[in-house]
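Both complexes shown next keep subunit A, but they swap its partner, so subunit B is in the first and subunit C is in the second.
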Partner chain A sequence: MKPSSRWTPFILVSPALLIFCFIVLVPLTGTLGLSFARWNGFGSPSFAGIENYHRAFTDSVFLKSFRNVGIYILATLFLEVLVGLILAGILSSRINTTVYRVALFVPVMLPMVVVSVLWRFIYNPDFGLINAIVRKLGFESFAQVWLGDPKTALLSICFVSGWVYSGFYLAIFTAGLQRVPRDIIESAQLDGATDSKVFWKIKVPMIRSVSEVSALLCITGGIQGFDLFYVMTGGGPYYTTEVPTTYMVRSVFRDQEIGFGSSLAVLVTFLVLIIGFVFSRIRKSGETSIEY
Partner chain B sequence: MALAIVPLSACSKSDSDSSDKILRISTIPQGETGDKVWAQAADIFKANNPGWDVQFVIQDDDLYETVGLPNQLTGSNPPDAYYEWAGDRIVQRYNDGFAAALDDKIASSKLGSLFDASTFNAGKANGKIVMLPIGQDVTNVLWYDKDIFAKYGLTPPATWEELMTICAKLKAAGITPFIMGNSGLWVAGNWFAHIYSRIIGEKMYDEIMTLKKPMNSPELVDAMKIVVDMKKNGYINPSANSIADNEGYTLFFKGGGAMLPIGSWIVGTQKDEAPNKKMDFFNIPAIAGGKGDQTSVIGVTVGYVINAKSKKIDKMIEFFEGFFSDEITAAWQKQGSNPVTKTAMAEQLDPLQIKLGKLIRSGAPIVAPPDTGYQLKIADALNLATSQVLDGVKTPQQALDEAQAKISKS
Partner chain C sequence: MSVYSLFYVTPLFWMIMSAFKSNGEIFQDPLGLPKSIDLSVFPRAFKAAMLDKLMINSIITTASSALIILLCASMAAFAFSRLNFKSSKVLLGILTIGLIVPVQSYFIAQNQLVEFFNLKDTRVALILPYAGMGMALAIWLLKAYLDSMPKEVFEAARVDGCGDIQTYFKIVLPLLRSGIATVAVFSILSAWNEFLLAIIYIQREDLKTIPSGLLTFSQKYVTDYQMLFAALTIITIPMVAVYVIFNRQVVAGLTEGSLK
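This part shows the complex of A and B:
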């Protein structure tokens, strides 16, 4: 059916386009513009050329924040995606697992700030749960200043992230595993395949696309990670848990260097886009003919 | 997501709408009893101005001091008045157009008669009064647990050596001498900044904090060795850098240590959280060979600034006439605060506040704390260096070299 007026399609898409412009394009171009400026948030910005970008590439804390987020992503690929996959495998091969699934999914429903505050208490070196248990068991030397020690702070955050998001990936993988045809599994079992073999050799390859999307979500989500780091450690101690987003917020809001912070925002966004693009290319080139 | 943060927060400027009958006041938490006093002050204003309302935007100190207030001021609903610390901060607010000059308003209202004229001096920016002082915070003294001191026969020290002897005795008895919640870095930052100023002199401290001298000046590097000694001897709770200031207070109230280096606001917190705790304080004792005045006090005047962009400046003045009235002043004193109106100065109620008031008005030099007296970026650099040394991850030279490099870059 043809529209009655040639303007009709434009009128129909205009609300969506306007919203897109307002919430995506305007902030995006505004930030891009500010990244070439010197501005403290008050008064008028002045043109700074590529000074902010030059500073970003030579800023040791900003560079360190990428190292930190890299470690975080690697750790969470295991603690979130792999653990989620294994849990999904275990639960999907058994019956009456609804209670376990709900229990494992509950942390995902909690606001991240609540999770962060809760775990700050658990990690508290003086009256926190972990140290209390460790001390009660007589292992005083294992009691740590979890979030205050540069050696343990980042890993402690990774663990909390795993605690929260493994339930999320469990839900994704469970949905994927439920789509694997029963007849293939039954054939394999008739041929003598163990549960473990069925899982790793049949189910996991057949939900490869789900695994890839999960990994992509974990990586891009990791780069954008903010709330856990901000509430639990604020980037400390000594920048050992500083990630690009917390450093960006520190630069913009605390140091009032809007231009510099904007350049960091632009760089982080480009990085996320590049990773997404590379990932999609890899996925395309590696597509297999397995259908189910 | 990342790209959206800056413009949305930074570009939404608009003046207060004069048609709305709401006074918006941004402040830091005053404790449960403090909130009641605020409500009392609001009720006085509302009774005299039917149809008007008073809204308080209360944010955690750390958040307010850094991210919170600038965001509110540039947001779509900026406050008509806001809490501030005297010094570099109010000068910046005035220069940025967020602080109204109040000289004429004070002269033509009751406010002029409620304060001694000299009280306004600390709240001036470029020669204009921009802040109505609510109190003088002693930013850091050493609070001690009276029961622990009595149990071990300890008395407040007169010299740094005596303090170290006390620490050694406490440590030997299995008690942590100092408790701190320093995850925000300002607690140790303020305490040690005062110690540095005692060692290198107030003038040099000020020159370093205003970048007239480098952060890694040899004198400051030497002064910082005192932090190394504290760390080496284990005189500070190992958890210091991982717990927040309020967690440090709780630990002290629960008897986790003998001394707590913190400011005068702990009096209000103690009344709310640990009313039975017996505590007292002493100033940092004299440090032998120090180039600074060994009676100096670290402190800052705090108060309220009226937003120059507000269309309700006259109503704000009216609110503060009630806020600084004798009735509300007495309520603040009961709450444990240390107001500075004429009436309050004449009759302090809380013995600790009387003692704190005497200390800050003793005529000894007042040292400005790094975070509220100077630019935040410089304060952050020094506070971070102090904490790194306190944790033993850097030597004073390394920490201050890094601080200097960071400041030079930005």
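This part shows the complex of A and C:
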């Protein structure tokens, strides 16, 4: 409808836009600009051309941080999204599931820092819950310095991530499953399909778009991972849990390499944009080929 | 299934149990039950971690940023959804950038900006960024709510002589109640739990929020495990209580916020 006066639309949108510009838009372009600068935060920055980018692509720790975050994303696709989907399937065919749903969602809303400090204790080699259980069961040799060993540190963090977020994806998939029409499921059951067949052959294909969104969330969220890594291991041991964001924070706030850190930020941004773009293409092509 | 859900509950149960055990007991028998129930550790941990300060800071920061988001976003959503004006498409397009780029893309220059305006170690240094970062998604969700409503409602108000601003207060805000609840849930939770900016912008102990304050506390009392378990428990219990009461709204708020 027509605004009641010429100015009211602008009065209504300007507070939101001003805050958004000041907080997101200006810093976004500023970071892009800084990525071409040589600057330690004091004095005036000097133009560095593509030097920072050149350095990023040859920086072994930065490249390693991508490998690590790649492993983390792959692992969490299973531990968070797939586990969440299976849990949703199990719970959807049962009644009185409220207690489970409530319990499984609790970790999602706790601050990541609380989760990280708690799990640092759970992984503690001396009194940690995991080693205590392992010893009680008589597998003394399985007791580990979970977060201190380069072989187990990254996977230990992935596991915590699964503990936190599988409940979140359970909630998302449950919302999706509730939209699957009952009559389709009932007619399949009349034809003699088992619960697991109904789930994998009918329900899962029908909530394909929910699965796609979940995978996208898991991947883009994974690239941004920070709290868990920073608090639990700080990137160590030997950079085996260094991820792009922890490395960025280290470059900017400890080594005072603001230009270099900014170039890492720009590269991560591009990666997120590319993944988002590829996903939207996949979804479009998917929509035309499968119809219900 | 009940065995499996133990996996989710055991860590939290172990945390509470360990808060009742002395350091010696924790080391000797990590799985054992506490020898006695001594509640005095909780007030001690509460004081040592300055949890009163942390909680007040978190409440002020979270409430202010959520209020700013709700007010500004609902106003903007109304304009974008219902009013025809020239630059509406362009401005909305600019806002969608905020839906895509993560905080990593801009926090480095944002830090310079915060420094430039002398905002470091002030509450505003967290309130404004939390508000700005949640704004795009909030506008988007609230606009979707308004789009789904019949246009006659708004036109009727116009016929009755309401200007846009009046329509906003009298019609839009009351209609948006459930949308605002959803936006409030994820704005509050994300501000309450935010960590990256909190450790960068606030160094002063008495201004820290719960996540960054807890980290400092855990570094200061590295070996006083009982105390740390107690602090974790004090932070966790009220959140779990609020969640159990509002679990429907919380789950809906978080899932809806991410699906759209």
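As a convention for this text, the second predicted complex is superposed on the first by the 273 of 292 C-alpha atoms of A that agree within 3 Å, B and C clash if a C-alpha of one lies under 4 Å from a C-alpha of the other, contacts with A are read in each partner's own complex, and residues count from 1 in each chain.
One rule holds in what follows: a contact is a pair of C-beta atoms (placed from the backbone, for glycine too) under 8 Å apart; a residue touches a chain by one contact, two chains touch by 3 or more.
Quick caveat: nothing in here was measured; it's all calculated off a predicted structure.
**Student:** For A:V69 in the superposed arrangement: first (subunit B), second (subunit C), both or neither?
**Tutor:** In the superposition, A:V69 touches no partner, neither subunit B nor subunit C.
**Student:** One more residue to check, A:V268. First (subunit B), second (subunit C), both or neither?
**Tutor:** both
**Student:** With both complexes overlaid on chain A, does A:G43 touch subunit B (first), subunit C (second), both or neither?
**Tutor:** Once the two structures are laid over each other on A, A:G43 reaches subunit B alone.
**Student:** Look at A:L79 in the shared chain and tell me whether it touches subunit B only, subunit C only, both, or neither; answer first, second, both or neither.
**Tutor:** So A:L79 meets neither subunit B nor subunit C here.
**Student:** Of the partners subunit B and subunit C, which touch A:I258 in the superposed model: first, second, both, neither?
**Tutor:** After superposing on A, A:I258 lies in contact with both subunit B and subunit C.
**Student:** Regarding the shared-chain residue A:W163, is it in contact with subunit B (first), subunit C (second), both, or neither?
**Tutor:** Second partner only.
**Student:** State whether subunit B or subunit C is in contact with more residues of subunit A in the superposed arrangement.
**Tutor:** Partner with more touched residues of subunit A: C.
**Student:** I'd like to know which partner A:T8 touches here: subunit B for first, subunit C for second, both or neither.
**Tutor:** The second partner, subunit C, only.
**Student:** Between subunit B (first) and subunit C (second), which, if any, makes contact with A:Y238: first, second, both or neither?
**Tutor:** It touches subunit B, and subunit C stays clear.
**Student:** If you stack the two complexes on chain A, which partner ends up touching A:G148: first (subunit B), second (subunit C), both, or neither?
**Tutor:** So A:G148 only meets subunit B here.
**Student:** For subunit A, give the residues common to its interface with subunit B and its interface with subunit C.
**Tutor:** The overlap between the subunit B and subunit C interfaces on subunit A comprises residues 23-24, 26-28, 30-31, 34, 126-127, 224, 244-245, 248-249, 252-253, 258, 261-262, 265-266, 268-269, 272.
**Student:** Note which residues of subunit A are touching subunit C in the complex, please.
**Tutor:** 1-5, 8-13, 15-17, 19-20, 22-31, 33-34, 90-91, 94, 100-114, 117-119, 121-122, 126-129, 131-133, 136, 163, 167-168, 171-172, 175, 210, 213, 217, 220, 223-224, 226-227, 230-231, 244-245, 248-249, 252-253, 258, 261-262, 265-266, 268-269, 272-273, 276
**Student:** Which residues, counting only subunit B, touch subunit A once they are in their complex?
**Tutor:** Of all residues in subunit B, those touching subunit A are 1-11, 66-67, 70-71, 74, 96-98, 183-185, 237-243, 247, 251, 254, 256, 376-377, 380, 384, 387-388, 391, 393, 406, 409-410.
**Student:** Can you tell me which positions in subunit C touch subunit A when the two form their complex?
**Tutor:** 1-2, 5, 7-12, 14-15, 18, 26-27, 30-31, 68, 71-73, 75-76, 78-80, 82-85, 88, 91, 94-95, 97-98, 100-113, 128-129, 131-133, 135-136, 139, 151, 154-155, 158, 162-165, 167-168, 189, 192-193, 195-196, 200, 210-212, 214-215, 218, 225, 228-229, 232, 235-236, 239-240, 243-244, 247, 250-251, 254-255, 258-259
**Student:** Where on subunit A does subunit B make contact in their complex?
**Tutor:** Residues of subunit A touching subunit B: 23-24, 26-28, 30-32, 34, 39, 41-43, 55, 58-59, 61, 124-127, 145-150, 153, 224, 233-234, 236-238, 244-245, 248-249, 252-258, 260-262, 265-266, 268-269, 272.
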